[in-house]
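When the chains are written out, they are named A, B, C and D in that same order, and each has its own residue count from 1.
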């Protein structure tokens, strides 16, 4: 796989992932969206088909990691060269940021309607640092279009939930060659992986909103901090390390288990 | 591919697409339908399986474009001959109109019950031309069975949303040969593409109702204008160019990116 | 295909279809069911996966018609011998009746709780013959577990809706060999067909509840008439011919179109 | 298949099944979960994709039984050696218990918030033995995250429902080789089986919550009894034999029918 394949595949694929993933959060939560209030099942299917789209487009180009936890996990497992890892990570973060900007463009009017609504303005999340770490809502509705936040703010549990969720994702990805005649991420693998992600969302998304991917959270959070949105509130940087560190630990644990028990 | 294959495949496939796609809008919105109020997730899955049905039926006959943005995109990419393009476009528009008429026939009683309901009659959208371009509802419930309309009427944003949505669709279609050993739109490709469309609907449908297909909007709008429905209101022609132009731009951009970066 | 294969496959497959299809109607509508009120999307996915289960089990045995409209359509098309048709039809009807009895057994307590509830007893549908053909509800909640009924009782429209819905089903089944290298109903074909049925339900189920299969309606209706359920109300025989005749016409039309245009 | 393959595959796969299956129950029912109130369709898709994840991961290792009813059914059918059965059963039970503990860890904060909520504490289910067998709710919300319970407590009917549901599951698994060129549980088989499980849940889950798997119910129930949860209520041991015995009977009946009629 050439460097240009990695760059093009991962940037495009991750941009699609975040465009559709952030998009469904915008669709379901922002005012003046036809999908407002469409519910949790819509959000989880939306993210799943976001994975499907990104994985299907990038699968034949870069292998469609779209996620540093996947890249690190596959490097530990041996399927990805460590020397390719930095390019994967940079491309994934860049793609995630592009995707978040595209969500903003696609929902320009809804963001404006939402953020200038008097009810919403009053309910903006507290500024970073002022947040009561125990009981404050993790993120207001607009930050929630970009990044994840926990329902209950508790470092150990939040980390644990992200570790467990990413472990499930990675073990599913790592074992897929075992019953597939050694094929990589073909179209059927992309489809099944995307439904596994729907499952992770439905089952393990309740506490933290399931980042299970460092750039899925960090990329859009950076964009949230940079975009000129009125009344957007803080970007909740105090929480931001958990959806980065948790998924990396979960992915590494899955790769370790795979190498010991399954390989 | 013979001219007759193109005509039969595209007309039949697009008619099925619009019959099932318009049908789910009728099912969810019209009075006296068992599915009334079934919600946004029903609408997006309904449109997705409409794509699946049309693509599955026409896939082996005409390649199942069903959409001028797909036809133009594939012509730019090189997979479709420019000389075949006019026949594709005509067949797609004809199929879309046939599909819209079939929706009317299948929901004959519901249309009548809905349009003669006193509450609904009073809530018909204003006639074309009198619509306040900023705050009026984009389309009343009956026009919504046929065509799309924006929640917030803003030319630049509406166009942008349709461009982005169609770009996602086309990049997914164009790259599918890359991880599928060069196969065209086989049954698994049709299935995955249809789930990508569910994803686009869930994630990018909020602002404009995701036409992402010129004939999906124009064909049924023409039928709406022609059908002898009482109290049907205007056909909102002032908006009608956006779901035609936006998707064509989005498809062309995707084909351009594909040719530069992926081919 | 031997006679015993046809009998075993069609009886088992159709019994599974009706067990799971009638089951989801019971689950969503009967009192004291955990799924009560789960909504239209649950019903349509429930019927779709009922088709998947029946088709997957019977596919390798009898070809999994499970539906006289499919059998007649395939006989017209030429894929099924006319001499096998009677055995297919008898097995399908027998299977449908077995399935309906199994629904009753699985929901024994819920049927009893529902039918002895004072509110429900008062709301039973009028006896056959006394029904006002224009405005009466098509079927009470218990008959609805067994058979379909229209929201608006209008012979021409109801027939039309069933014809159109079954036409879509059959054209999808008949063309599936065209893009599948001539394969019959393999597992992927069963999956796609089942999602097409979800689509038909979402999009065309609003007016009549989409029988699109003569035995799906007739078999359970006979069982409803025979079962010793208290307060069960009439079996609405005056409507019963429409979900038999409509699907047969729709299937025949699709086979005719297929033979003329696609074969 | 080596003993170590059976142990690793079944323990991991069943742990994933219960982690995601119990997880979706926690997500939808516990306080302070983002998915609270997401509904029955979310629960059934959650369990389906739990099956998909477990089956996909373990399919190439141990054949992915994940369920004593499957193991016994395949042993009767002849596909699994009786001498391997004990190891399968032990691994499945161990995996189910691990999965239940992981649900607790992932939802630690939600369990605490839920169990210390004054409203919930007052609504705990009665202690075992004190339960009115006719009208008491089968299980309180916290036991429901771990184990199943009937809406109407009636031994014969509850048993019947579990027998019928498991029969459907097993007949689908046993016949899958017939139309799949003799392949075992490949990725497509895992996908279809998981959607059959969604169908069983939607259609037959209403009365008892569809265990259809002895360890799915027994493993988490043991964990519920052992975990130091405040106000957790009884573990409803009086019901616990039904979701063990029912599925085993249903699986054996399906294997018997398969051997007589399909093999």
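Following the convention adopted for this analysis, a residue touches a chain if its C-beta (ideal position, glycine included) is under 8 Å from a C-beta of that chain, and two chains touch if they have at least 3 such contacts.
Quick caveat, the model's predicted, so the values are computed rather than measured.
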item	value
Maximum centroid distance from chain D, chain identifier (CA atoms)	B
Fraction-based call for chain D against chain C, same above half, different below	different
Angle (degrees, nearest 5) of the CA superposition of chain B onto chain C	90
Chain C and chain D, separation of their C-alpha mean positions in angstrom	29
Length of the line joining the C-alpha centres of chain B and chain D, rounded to whole Å	41
Where chain A touches two or more other chains, by residue	39, 41, 188, 191
Chains touching one another, given as label pairs in label order	A-B, A-D, B-C, C-D
Residues on chain C engaged by chain D in the complex (per definition of touch)	8, 12, 16, 19-24, 26-27, 30, 32-36, 38-39, 41-42, 45-46, 48-50, 52-53, 56-61, 102, 105-110, 113, 185-188, 190-191, 194
Interfacial residue positions of chain C with respect to chain B in the complex	39-41, 44, 151-152, 154, 157, 160-161, 164-165, 168, 171-172, 175-180, 188-189, 191-192, 195-196, 198-200, 202-207, 209, 257, 261-262
